[in-house]
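In the two assemblies presented below, subunit A is common to both, partnered first by subunit B and then by subunit C.
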Partner chain A sequence: MVEPLEPLLRVRNLTKVYTSGNRRVLACEDVSFDVYPGEVLGIVGESGSGKSTVLQCLYQDVAPTSGQAFLASYHNGEHSIFEADRRERRELRAHQISMVYQNPRMGLNLMVTAGGNVAGRLLAADWRRVSDIRDKASDYLQRTEVPLDRMDDFPAFFSGGMQQRVQIAKALANGPELVLLDELTTGLDVSVQAGVLDLVRDIQHTTGMTAIIVSHDLGVIRLLTDRVLVMKDGHVVESGLTDQILEDPQHPYTQLLVNCVTA
Partner chain B sequence: MANVSTLLADRRAEFTGYSFAFLDDMAKREIRRSILKAIAIPGHQVPFGSREMPIARGWGTGGLQITLALVGPTDAIKVIDQGDDASVNAANLRRLIAKTTGATEVYATHEATLIQTRHRIPEERLGAGQILILQVPVPEPLRFVERSVAAARAMHAERDYAQMWLALYEDIVRRGEVSAGAGYPVMVNHRFIMAPSPIPRWDIPKLHHAQSLFLFGAGREKRIYAVPPFTDVRPLEFEDFPFDTEHFDGKSCIRCGATDSYLTESPREDGSKVAVCSDSSYCDDTLSGRKVVNRW
Partner chain C sequence: MTDPILSVRDLAKTITLHILGGRQVHPLRGVSFDLQPGEFLAVVGPSGAGKSSLLKALYRTYVADAGSAMFRTASGATVDLLRVPEREIIRLRREEMRYVSQFLKAPPRIPAVDVVASVLTGRGIAVAEARTRAAESLATLRIGTDLQTSYPALFSGGEQQRVNVARALVDPPRLLLLDEPTSALDTENRARVLDLLREAQGRGTAMIAILHDLEVLRVIADRVLVIEDGHITQYGPVSEIVFPDDLDAGTGELAVSGGHA
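== the complex of A and B ==
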């Protein structure tokens, strides 16, 4: 008999309400899902549907209003990562969870060389041999197709596509358990988009990384994800296997979304 | 004790009209409390209420306030600037301290009980009873990697030094070595990264497991920190890029002939340069034939 697979991440009733004065803006409400090891989960929805908020909460850029997220490696999955103190949160980011932002400038330190950006994560994990760090950094930059002669240049002078590839290399260095990718191709032109998507797919196939990909682009979702959540107005309206959702959408909003692309 | 206080009263009356040791008693007590706290947490920067001093901030007010909080009439006080007892700044500070306390002014390192210094640790090994007080311009070692003071303090609190290591890594990648010459960052007691004040790399190993007490005072930045005796102090280094001190291969002091001390360059009238001991006490010792047996 096969042991049932334990989820890597369990998110329960995640809710985020932004308040400003007397106004309350609901970003997402009661979002629950599981992510299994080696799986790529997609979150799709129009802008303002709360999909990025879910990622930002998981990366702890913003504090959720309520809800829990249990990571298998954090206190054996017994405590929510939202209870982490500052030091634990830093450890989580250094070892377990990494983020690729839509805007590479959010995820990169532009005052530091491309190699240094990748090295930063290794240094945070207490690597103390320059040659090892350089080998590892160049390995990842090579994998993300950043030319090695640009390794010691500043990413501020790179094209958007190359910045995004450096950011992906940075996120993958030090082998995180979970990679969060937020609209990673939105700012790029179509041919560069294809290259970055190929890259992520190849890395996923070779490393078996677990990832959550947020996108409004159904093409990205179809290409990269195993399962998908559809969000509208802060709620999950439908979820299931990607093929199933895209071929046989049940919720009217999902039907509309799928029709928009195929029409 | 009786003769000390009599002496003290005599001297105070005799000398200036200022309080003993210039600062008022409450100020000295506050500074001493900060010093005790700093000693209790090696390498941690303790805030203190830096006073207005009769010299400008940036000229050693932090070191001076520590010295004045500790000095007694029976102390032997030595003040050096870049190793030199005779520089104008060092001479003025020493005179102020002696005038307001009656402490003895000395030049010889081994005779001093308190040594206030800028940019050097003496060549002669300091003993258990001696205190070295360093003047510090920038007490925050993370200043150059983190602009926000609040963020830097959080990094210390959480022992989150990845940014500092990244700066050293970038230095090695782009320049082939860590470029910090003076004030090379050190890890104190396996806990805090500390700015050792702008002493040369030559002096960094002297901080490690020393018999003497090191106190650091930053007057402008209002911080005191300390390295107590026998504390672990190690320069930050990568395994394959070990820390190294300055080398003076083949050079010797033009005055005393020493080849085993930290040398500075001194310009001559014809535009050429000669090497001379930075530590004037050590230079005098070598010149007079006194063998300095206690080396670091």
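== the complex of A and C ==
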């Protein structure tokens, strides 16, 4: 297998400072990393460490204060996606990058049917033939184990686990280059968590998707990621191969984190 | 002798336990040896001597502090396993080196056959072919079709260990790191694993294996490395080693498998 050696995403010195009144709150500072095609990168850290901010900046829900992010398919990786204008940003979201939020309500329109949510994503990605859209939507809902007879129901009336699976179907249906997953199992009960994790793992194995997974759950990180960044107080304190971070953590904070596993 | 596939020099590893007030542990204090293609190097020593740390440092699960481990890749390039970029380690782990831990660390809720097949699909082999080869490999180790489709987490220790060995040997890599590959096996299964290891050896796979079973060691090892307190205290052919007392002398039943030159 010939391995493409160019990173799919290069993030450099990403910094986000929120100002509230005359107070400055540092969400993340000088975060730099690469993600290679087919690789799953994990970001771990306690709540407030800035890990979700990194994803929000990359998905451009939030404008970074400074820093750059180069996506290989955006102007050949020569310009930062943060320089994109409104139209280009819409294009990036429609075709190249997708996001799965911790709260499915953020990623779904709850008053549009499950099938309609996935179809909407495909329409945004310039799919035009109704039959193609219908087929693809049902294909992905099937893969994510959403029963087909629920396809025309509103996700507002779904369980949390099923809402999350619809959101994953929506995020993946058009085959984005980079998938951002933010605490995708947090708040789900354990058996539902297992189902969602198996689903993501299966998609990862069959499609070779490239992803960044933010989680405070080291079990999720162990199961799904190749490499890990450890964040604390807005900074990356350590990065490495997932097994190395879990078995031979170097930084005092990572040692604490790894030893805090409850079971 | 051909060029070594792996040349380890002055490998040292210190673990600093920040959560215990910065206490330091020194599992490896300068380890050097060469490994030839197809060679089986047995690592023995008391518990806590640094045996597993050696394998983990070579596999990069541990970060080494000093030294080098020059590995000759399939393409003929030489890379330092201790320093090569993570990206290259991920590739090497998929294509050229594998680590078999003492206990199976298979992800949950995946049937045994797919646990083994994933080694092959990771190298780009089609799922159907990978499954067939995985099933054959498991069958050789007497994991029948019923077990193949169940989750290894539900298996006995010996069954898990055989799944682990199948994973290592379904497609033998250039370098195999084995942590007690036969510790949980009965005599017959142990003999089968040894046969497979020798087969892989014959195809050029170089192996470093932590062994406690002296009998297994005598059957398969080309050379032995004795580690005590992070140092190599003996290194040479089996016949020259004075073995520490705590090694398991075995029952003699393995002798039927035949000796090793």
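Convention: the second predicted complex is superposed on the first by the 257 of 263 C-alpha atoms of A that agree within 3 Å, B and C clash if a C-alpha of one lies under 4 Å from a C-alpha of the other, contacts with A are read in each partner's own complex, and residues count from 1 in each chain.
Note that in this section a contact is a pair of C-beta atoms (placed from the backbone, for glycine too) under 8 Å apart; a residue touches a chain by one contact, two chains touch by 3 or more.
Quantities reported herein were computed from a predicted structural model and do not represent experimental measurements.
Q: Touching A:H205, do we find subunit B (first), subunit C (second), both, or neither?
A: second
Q: State whether subunit B or subunit C is in contact with more residues of subunit A in the superposed arrangement.
A: C
Q: Would you check which partner chain A:R90 touches, where first means subunit B only, second means subunit C only, and both and neither mean what they say?
A: A:R90: touches subunit B, not subunit C.
Q: Just subunit B (first), just subunit C (second), both, or neither: which does A:Q142 touch?
A: Touch partners of A:Q142: none, neither subunit B nor subunit C.
Q: Of the partners subunit B and subunit C, which touch A:R128 in the superposed model: first, second, both, neither?
A: In the superposition, A:R128 contacts subunit B only.
Q: Who does A:Q244 touch here: subunit B (first), subunit C (second), both, or neither?
A: In the superposition, A:Q244 contacts subunit C only.
Q: Please write out, lowest number first, the residues of subunit A touched by both subunit B and subunit C across the two complexes.
A: none
Q: Residues of subunit B touching subunit A in their complex?
A: Residues in contact with subunit A: 154, 158, 160, 162, 165-166, 169-170, 172-174, 238-241.
Q: Using the touch definition up top, name the residues of subunit A that touch subunit B in the complex.
A: 86-87, 90, 94, 112-113, 115-116, 119-120, 123-124, 128-131, 133-134, 152
Q: Show me the residue ranges of subunit A that touch subunit C in the complex, using the header's touch definition.
A: Counting only subunit A, the residues touching subunit C are 1, 3, 5, 36, 39, 194, 198, 201, 205, 223, 226-227, 240-241, 243-244, 247-248, 250-252, 255-256, 259.
Q: In their shared complex, at which residues does subunit C touch subunit A?
A: Those residues of subunit C that touch subunit A are 15-19, 56, 60-63, 86-87, 89-91, 107-109, 118, 121, 123-124.
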